[in-house]
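Two complexes come next, and they have one chain in common, subunit A, joined by subunit B in the first and subunit C in the second.
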Partner chain A sequence: MTYYVFTLVFFLFDYFILAMGLNIQYGAAGILNFAYIGFVAIGAYFTGVASLPANTLGQQYILGLGLPFPLNTLIGGLAAMLLSVAVALITLRRLRTDYLAIVLISMSLVLYDFCNNFVSMFNGADGLYNVPEPFAKTLGLSVNSFIPFFACVAGVVALIMWFVMSRVTRAPLGRTFRAVRDDHVVAAALGKDVFRMQLKSMMIGSFYAGIGGGLLIQFGGSFNPTAWLPGETFVVFAVLIVGGAGNNIGMFVGALLVETLLIHLPAFLPEIPGHPGLIEYFDLAVVGIVLMLMLWFRPQGMVPESVRRAASFGASERPDGEADDLELGTPAAPARVAFESGDPQ
Partner chain B sequence: MSLFWLSVGFGLVTASVLTIAAIGLSLQFGITNYVNFAYGDFMALGAFFTYVLNNQLLHLNIWIALTLGSLAMGVFAVTVNHFLLAPFARRFPTTHYVLIVTFGLSLIMLNVIYSIWGADVRFYAVPITVAMHIGPLLLTKNQLIVMGIAAALMLGVHTMLRTTRLGKSMRAMSDNTALAMTSGIDTRLITTITWFLSGAMAGLAGTVLAIDEGNLTPASGELFLFVIFAAVILGGIGSIYGAMAGAILIGLATEISAAFINPAYKLDVAFVALIVALLIRPSGLIARPGTT
Partner chain C sequence: MPALHAEGVTAGYGRAPIINDISLTAELGTVTTIIGPNGAGKSTFAKTLVGILRPMSGRIAVNEFDITRVAGHQIPRHGLVYVPQNDNVFKRLSVRENLEIGGFVSKGDPAARIAELFEIFPDLAKAHGKKAGFLSGGQQNLLAIARALMAKPSVIILDEPTAGLSPAYTSVVWDQIARIAQLDTAIVVVEQNVERALKHSDFVHIFVAGRDHVNGKANEIAALDLAAIFLGRSSASPVV
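Coming up: the complex of A and B.
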């Protein structure tokens, strides 16, 4: 029983991290990253090959560094970040939002196909397995005590990452992200480098994706291509939309509602005899339906983005002489339903 | 050399399938100005409609089942647009939301298809035909029919766009919806007709894809969707003629490359073509105004 509870707790924290990463890309900077799960996968794989020893019987992979816990996960995060730089350099400057989404989703499919076929990199379709469980040897943890322990580790990591992210969102950088999202023409006119802002948000978000992926592979000890079909990106989007795009606390609520209640709790239901996998299929369809209902009836999410009032140009309205950065395009209406990201139509 | 010509034959068949799919996707994109990420699942569902008519219910001939299945898919697409996509597109001024909705629709459709038909690999009852030599190419009768369908469709769409009132209205809407509306074009009707055509072509493409590959699984449309995207972006998104050109290029490139490198990487060839196209000519071979 504790095993189940702590599995749920782990996935809650892990998806909290993943959703925060997607939130800085989509919620803050307005990049519709449909390849998000690809970055998670790269993070997971690189964490795996960084922690596995140089040679393992029956598995083929690159690196094999045998590094201990925080280092291997960091390598996973950095690998995802590097990939995002490459992707951003090719696509961000050239494409408007929906073409970017097409290229990104294509990229995630090709990455999937490539990892499946190119066996010597990440062991192909079998994926990596027997990835060392962090601290399990040093602390003498059994299979049963490892799960609650690692759920707590994930909780600590999530807390640190939430703290950092809430600083980033409040900092001038976060404000500039929102300015770019709301109207990149205005942001550019005010001297903000739109491409660099989008690149930065891609990098930060992908780092979060990589860390989340790294925790995922260490929790389960294995990771293979079926774990990151493009549909998985949608689950993270569901967490984000249900929680409330643009709000970090909302990500936690979203992770709780979508990931824990909708995705993982039904997995404990008994199988319907004669219909293997039916519950899982049905469950994912329900996630899609919930997301659409949410978008229609409450597009701002469970915890809406807080209304940030900008200091006005007129000095008389400033409460004190504090020179606040000019904040752009934050509408006064609480339910901001549209991201103006410069589509020509 | 024979291997080369063999792969050219395969390339032409793949290009035919791709052309049908790419025209359907482009037509709808040009009118509604957002991408339908569920298109791959439209294809899969169409293929399963045909499967039901061909193998489960009426045991119709595959080509009759294909026609009926595609028409059913067209009706399905109109329904989806009317009750789901059009309301979202009207309510939210930017495309983000409707893109997420089509992405979600793809997840729903895929899992509903899985729930109904399961993950098993299925086969159509297709009469087995002997391959024959046409010039240096080696093709079966079924493959020739698939190519014939694609050619007829290209010609038909071209004639429709250039000569009929419907086609002209579609081009007008694709250029500027607001202007088309003020000129007295019934934009809702045109949108509905476009969705019907797009859905029917998705169903057609899904079925001929399954005939071409020799089997049918719920996820086959999903992976193929990316190849369609590559073709459509290479050709210039929203441009019908660009889609045709891109489809033929990508179809030939993926299959011919399979003669020289490991066939498992033929998707990656399409992706490399996509990236090169983006780097050199991001607006595509045949650019449509306002795409970058």
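Coming up: the complex of A and C.
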């Protein structure tokens, strides 16, 4: 039972990190990154080859640094971030919205085929395995005790990354991301370098993807191409949309509802007699239905993006005396601001 | 010294020029309006001035600094700010956040500048914490103008600031434009409404088919046969 619960807890924290990364790209800066799972994979692979020793029987891979946690995971995050710079330089200067999304999903497929077939890099279709479990030898952890331990480690990492992301999104940088998302022409007309802003957003988000991938490979001890089929990107998008794009707390709620309850919990439910494995096959279908329902009935997600006033604007200066955070409505929400001069419209 | 000086500007999309050999000068404290029929190239000229489109030939200078080849996002640093026609605010940001974004290129204290602008636009002060998307079209246009003022620009280009507004709110917007011009700013307005443009402007340019057909002081232009000009007939003679 402990194994089941802490496995769910691990995936909750890991997908919270992944969703925060996608949130800064799509929710904040409006980059429709359909190659997101590719950055997760690069983070996982580089964490793996940074953890594994130089030579392992039956596996072919680059680096083999034998580094401990968290250095190995940081290398995974940085590798994903570097890849994002290359991808951004190719795509972000000239492409936007749906064209950008099409090119990114194509790049994800190219990356997938490359990792799958270029065996000497990450051991091809077999992937990496026997990746060392962090602190397992030092603390003398068994297979069963490692899972709760590493779920807690993932929780601490997620907490740190949430704190950092909250600071970023509340800072002028986060506000500028949202301005670029809302209208890149106006943002440029006000002196913002749109490409540089989107590049920064890609780098931050990809670093989060890499860290999430790094935790993933260390939790399972292995990682191969079946773990990051390009369609997996849409699971992270489902977490983001269900949780509420643009809100970091929403990412936690989305990870809880989608990744933990809909994707992983069914695997631990009792089998339907005569139909072994049937429940697991339905998980993505259920996610798809939930996604459609959310987009139809609550497109702003469970925890919508909030409008935050500048801290410098004190309560005494607020003529309306309202709370700091206001829930955003849907784009079609009616105007409800009463103006003294009265707008006849 | 003119705040804005454009000389012989030719520009367009791809290889085909939309505007040909256009010159315009705007002085501080004045309102210069560009009017003309649909497709005359008014917005194309505005986009060329602010670097969204690259001129094929000609020269554009702000405070005598040549910005012809300056990247669009760098132009506000040289004192020229653009307010697009529609969707000109960040709808999911608050009124105050919109203003803060506008202060990006300003060296002064953004909070102090926002306080100054709230005095000019008291309606915005009341709605400072509201999402800009909740404001009406006219209020959004005023917010876009106020946000442009955050950078304390020498020149503001307004692309049809009254498009789609009711007559009553159109007057409010024009009154604010006149008030802002008095704050030692050159304002260039692209406008469809000829009557209001002539009433509120100091200088008027009439574009027809991508060319600056007639230009001059507003009272002089008002005396011309504008219908004939808009229909493309070369007439600079006063209406009899």
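Some points to look at:
Definition applied: the second predicted complex is superposed on the first by the 298 of 345 C-alpha atoms of A that agree within 3 Å, B and C clash if a C-alpha of one lies under 4 Å from a C-alpha of the other, contacts with A are read in each partner's own complex, and residues count from 1 in each chain.
Please note the rule applied: a contact is a pair of C-beta atoms (placed from the backbone, for glycine too) under 8 Å apart; a residue touches a chain by one contact, two chains touch by 3 or more.
All values reported here derive from a predicted model rather than from experimental measurement.
In the superposition on chain A, A:Asp126 makes contact with neither subunit B nor subunit C. In the overlay built on the shared chain, the residue A:Ala187 is in contact with subunit C alone; subunit B does not reach it. Contacts of A:Glu305 after superposition on the shared chain: subunit C is touched, whereas subunit B is not. Of the two partner chains placed by the overlay, only subunit C lies in contact with A:Arg178; subunit B stays clear of it. When the shared chain is aligned, subunit B comes close enough to touch A:Ile289, but subunit C does not. Common to the subunit B and subunit C interfaces on subunit A are residues 337-341, 343-345.
Partner subunit A is touched in their complex by these residues of subunit C: 50, 52, 71-77, 81-84, 87-94, 96-97, 100-102, 104-105, 111, 122-123, 125-131, 133-139, 144, 147-148, 151, 165-166, 168-169, 172.
On the side of subunit A, the complex with subunit B involves touching residues 30, 32, 34, 90-91, 94-99, 101-103, 105-107, 109-110, 113-114, 117, 230-231, 234, 237-238, 241, 275, 277-278, 281-282, 284-285, 287-289, 291-292, 295-296, 299, 337-341, 343-345.
Listed in rising order, the residues of subunit A touching subunit C in the complex are 172, 175-176, 178-179, 181-183, 185-194, 246, 305, 307-310, 312-313, 318-320, 322, 326, 328-329, 331, 333-341, 343-345.
In the complex of the two chains, the subunit B residues touching subunit A come out as 33-35, 37, 84, 87-88, 91-97, 99-101, 103-108, 110-112, 114-115, 118-119, 177, 222-223, 225-226, 229-230, 233, 237, 262, 264-265, 267-268, 271, 274-275, 278-279, 282, 290-292.
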